[in-house]
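See the structures that follow.
Both complexes below contain subunit A, partnered by subunit B and then by subunit C.
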Partner chain A sequence: MFKAIVSAETLTSALDSVSVLVDECKIHLEEDGLEIRAVDPANVGMVDLSLDAAAFESYEADGGLIGVDLSRLEDIAGMAESGQLIQLELDEETRKLHIQIDGLEYTLALIDPDSIRQEPDIPDLDLPAEVILEGKDVNRSVTAADMVSDHIALGVDEGEEFFYVDAEGDTDDVHLELTQEDLIDLQLGPAHSLFSLDYLKDMNKAIPSDTEVTLDLGEEFPVKIYFGFGEGQGQVTYMLAPRIQSD
Partner chain B sequence: MGNAALRDIAVIEEIPFDDVEGVVAVDAHNWLYRYLTTTVKWTSSEKYTTADGTEVANLIGIVQGLPKFFENDIVPVMVFDGGPSELKADEIESRREQRRTYEEQLEVAREEGDELAIAQLESRTQRLTPEIQETSRELLRLLDVPVVEAPAEGEAQAAHMVRRGDADYVGSEDYDALLFGAPLTLRQLTSKGDPELMDLEATLAHHDLTLEQLIDAAILIGTDFNEGVSGIGPKTAISAITEHGDLWSVLEARGDHVEYGDRVRALFREPNVSDDYAFDPDLDPDLEAARAYVVDEWSVDADEVARGFERIEESATQTGLDRWT
Partner chain C sequence: MSDWTETYRPTTLSEVRGNNKARDNLEEWAKTWDDHREAVIVHGSPGVGKTSAAHALANDMGWPVMELNASDSRGADVIERVAGEASKSGTLTGGESGRRLVILDEADNFHGNADYGGSREVTRVVKEANQPVVLVANEFYDMSNSLRNACETIEFRDVSKRSIVPVLRDICRREGVEFEEEALEKIAESTSGDLRSAVNDLQAVAEEAERLTADDVVTSERDRTEGIFDFLDALIKEEDAEGALRASYDVDETPDELLNWIEDNVPKDYAGEELADAYGYLSNADRWLGRVRATQNYSFWRYATDNMTAGVAASRREEKGGWTRYGPPSYWSKLGRTKGTRNTRDAIAERIAEREGTSVATARREVLPYLSAMTHHCRNRDLTVRMAATYDLDESELSFVTGSGKDTNKVQSIVEDAEDLLEEEAVEHSGSAFFDAGDTDSSVGGEPDEGTESEAAQRDGQATLASTADGDESTSGTNAAAASDGTTDDDETGNRDETDDGQSGLNDFF
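And then the complex of A and B:
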């Protein structure tokens, strides 16, 4: 059983943050909210999303599991105007999702969850450095780095006490330093890792510019990027594996 | 190797390598064959021939071909053919026959000292010998490149893996990938420059056909498994299928016949593929062991593979998250 009413913005934010990595996903309809966990086929980028029941206007569920084609569901959610509510109801018999937006009724065929790639195990990471910054600074770093390179290095200078972004291109370079004062918070620790901008650019698309974003970093370790949405009732955690020079 | 006439039907566009990411299920024979022919064409045979006369040009080909994947952050999964489909045996037999003819011509060219003819003919007489089969797998293993053994056609298995979401693209020069239902196929992975992307959904939408109808149209034109109907090219095939609906109706209307039509159809619609495969896309190549294998064990000229190994070494490889789980 699943029946819920949610604002278009909240649903869209949730779907967008998953669809940057995968086309299809499983959604767990838990009693206390929705949960989605997915990884791209190359096993490089992962998303772990939870949306509390409190983020919904109304929410009833009893632990079911559905599989959805994300772009279909995003298209439907896109039919709602800002501020409109979207009503979702699962028909257990037909395995279809009934969606209502201001009189518009849409019946979405679901995907067999068993046909969707298995959900990933969440890596157990103990990352020594933590950087808290505004979404717009993440956007600035990623956009600038993308102008010169395919990769971006993120790190912390423990001596000089700043967080830095480096991108080296064939001809041009980008460097950005953010000190304690520029950041919301900085916890020093040994950190320097190289990441693919292809992934980071996609993840960046889902990060609202006025949101507080936390980056957990280590030395040649995955980065953990997390932020809230839906008035703090939703939480997205991305994990991105680093690039390592083979030797 | 598939029917090139399908190119006129397929929706294909060149895409920048930067836009390609993820896992490519590569039709390994198709890929290796390209490198074998170019290596044999441009490299003198003593550089890849052991003291006892075994030719391992494939090892040079692999070392030259893999950096392209690594540098562009693409994970190759090499899918090897299993036993040939019953029908394809005919094609293998005819290729064998053709090779015999080439070999005879090669003898003549050698006697006459015609360098260009020798180079051309040598490239065509290449085949995947047991040594090539075995040493290719071993070198790929040392470089930690995943290998999947297909029950039959490697291409069908690769398409199946993409349909299941375990890979993002099929990698093959062969237009048949489309008929095996490969959603996205990358071509020209072995050439310089950007690859071509062949899109099944766009192809079907463009002609307003179903996959079953596309297969029927291809059977009319001719595939690896059957001769086409004489006088039917890509355009005629599409309009005939659109008009009559399917293969049988077209044949009936024209009074034509396709040998084994239903079996060829089944080979594409329900190819022999397996769900029983697993691979780790996080590659951790052992370059030292790979270099020793190629240069010391198989006495390949070190200069021929130096640049390839260097390129693999320099490309910072993308790790996978499972390294931390």
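And then the complex of A and C:
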């Protein structure tokens, strides 16, 4: 059983943050909210999303599992104007999701969850450095780096106490330093890893510019990026495996 | 009921049956990967356990797997994004030192437009990879040379009957199926080396019967596609007419392709009269293919195949033996190589056809060769100049017709002379258009072109026609010329060179 009413903004930002990595996903309809976990086909990027029941206008569920085609669901959610409410109801018999937006009714055929790639186990990583910054600074770093290269180095200078972003292209380089004052918080630790910009660009799309973003970094280790959405009732965690630094 | 081939898929390398040596090589490759950092190609017949071995290997090594197989779309962009990223990145759990196994299944099969650029991208991924990559393929030689050279190679051979039977026996025990040993042997026998088919057959039979007996096993021989090279060997050296025809049923080529293959390779072994006979049959086959194309009646294919297989086999007069290096048909590459020449030829033929009122095919077949012979190496210079002027040939076209080099002074001077001649004629004819009113004949007479009497007659009629069309019987040549100017290039009546003289003259003055 699943029946919920949610604002269009909350639903689209939740879907957007998952659809940058995968086309299809499983959604856990838990009693206290939605949960989505997915890993991209290359096994390089992972997303873990939870949306608390409190983020919904009304929410009723009893622990079901559905598989959805994300681009379809996004298109439907896109039909709603800002501020409109979207009503979702699962028909257990036909395995279809009924969606209502102000009189518009859409019946979405669901995908067999078994046919969707397995959900990843969330690796338990001990990342020494933590950087908390504003979404717009992430956007600025990624956009600048994208002008010169296809990969980006994120790291923390323990001596000088700053967080840096490095991108080396064939001819041009980009370097950005953010000190304690520019950041919301910085926890020093040894950190320097290289990442694919393609993925960071996609993830960046889902990060609201006015939100607090936390980056957990290590040396040649995956990065963990988390931020909240939907008035703090939703939480997204991205993980991205590092590029191997070839010599 | 779930698929037994999935249920009993090996989870570790030690469970992979048959191919012990290949299995050990694969393990060795993985264990020493940090030293050599090369990709590996695992190839062999379908169903012998290549993909299973790759997955089992990843499981043994504790490596996460990224697999791309034929059911995914595999265009260059997808391969770059997915396989490229996977082979250049560390893992989510181990970071940069973490290993991941990238498995590219069916690496020899990239389909047409959907997978455009796929195989080239695979080569790039393999060369730039920082993670172990396994390419799984059926046909080793279907992969590009550069790809094969960039990788280590491990061959999986067909699984012997001796290895298949224990696998089947094991499955029967675990599924609780009673069986006769002979039944298992019969299954193993009939699948000839394909372990996956054997397991599928076993499941199919076991679902029907309580107890497996040899009589239950009626699975007939599976269709197997035969390689084109084996077929050529059979056709040209071994089989009689009927055998050759039967062998062709297992070949995965259309008759059009097959004809090219046979036609290109028969002369490597046949000689003299038998070769002549063989080509006789091949030409019959080609005519049937022509009929198929013309009528779209594909049932004619059977006669084409009869001729090209049974006919060729029956033409053989003596024993053939040894090994011959058969090659792929050169038909397409020849077409590609001669494209430029053929385009020149067609361009000339089109102009001849337009001027002489023939079809392009006729111009090509019945006019062009004579022109070539008459102006061979520009020996008859006057004639060559006039030809160049008449058909408006440039250097390269003239060199094509005469066989003289394109850059030689001779050819260039002829083209220049031809241009002068055209100009001269233009002035002359325009003169007749403006001063010699009403007399088309005189303008024709003034043309320094022998051997065009019939044309002159035609042209005469032409002018009248044009003026009739104009609805003005008594018009002068000027009017006729003007009328023909109006119908320039319209050519609706399909008639030849409409008052070519009046035409160019007016153009010059306007």
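Annotations for the structure displayed:
Definition applied: the second predicted complex is superposed on the first by the 245 of 247 C-alpha atoms of A that agree within 3 Å, B and C clash if a C-alpha of one lies under 4 Å from a C-alpha of the other, contacts with A are read in each partner's own complex, and residues count from 1 in each chain.
In this section, a residue touches a chain if its C-beta (ideal position, glycine included) is under 8 Å from a C-beta of that chain, and two chains touch if they have at least 3 such contacts.
Fair warning: this is a prediction, and the values are worked out from it, not measured in the lab.
Once both complexes are superposed on subunit A, the partners subunit B and subunit C clash.
Of the two partner chains placed by superposition, subunit B and subunit C are both touched by A:F221. Contact comparison for subunit A: of subunit B and subunit C, B touches the greater number of residues. In the superposed model, A:E24 makes contact with subunit B only, not with subunit C. Contacts of A:D112 after superposition: neither subunit B nor subunit C is touched.
Look at A:V44: by the touch rule set out above, it reaches both subunit B and subunit C. In the superposition on chain A, no contact is made by A:D126 with either subunit B or subunit C. With both structures placed on the common chain, the touch criterion links A:P242 to subunit B and to subunit C.
The clashing stretch of subunit C relative to subunit B, chosen from 167-175, 221-229 or 347-355, is 221-229 in the chain A superposition.
Once both structures are placed on chain A, subunit A residues 39, 41-44, 46, 120, 123, 125, 196, 198-199, 221-222, 239, 241-246 are touched by subunit B and, in the other complex, by subunit C.
If you check the complex, the residues on subunit A that touch subunit B are 23-24, 39-46, 115-117, 120-125, 150-151, 194, 196, 198-199, 221-222, 239, 241-247.
Only residues 64-66, 68, 72, 81-83, 85-86, 88-93, 95-98, 100, 130-131 of subunit C touch subunit A when the two sit together in their complex.
Of all residues in subunit A, those touching subunit C in their complex are 39, 41-44, 46, 120, 123, 125, 193, 196, 198-199, 218, 220-222, 239-246. The touching residues of subunit B, counted against subunit A in their complex, run 18, 21-23, 73, 75, 164-168, 281-282, 284-285, 287, 312-325.
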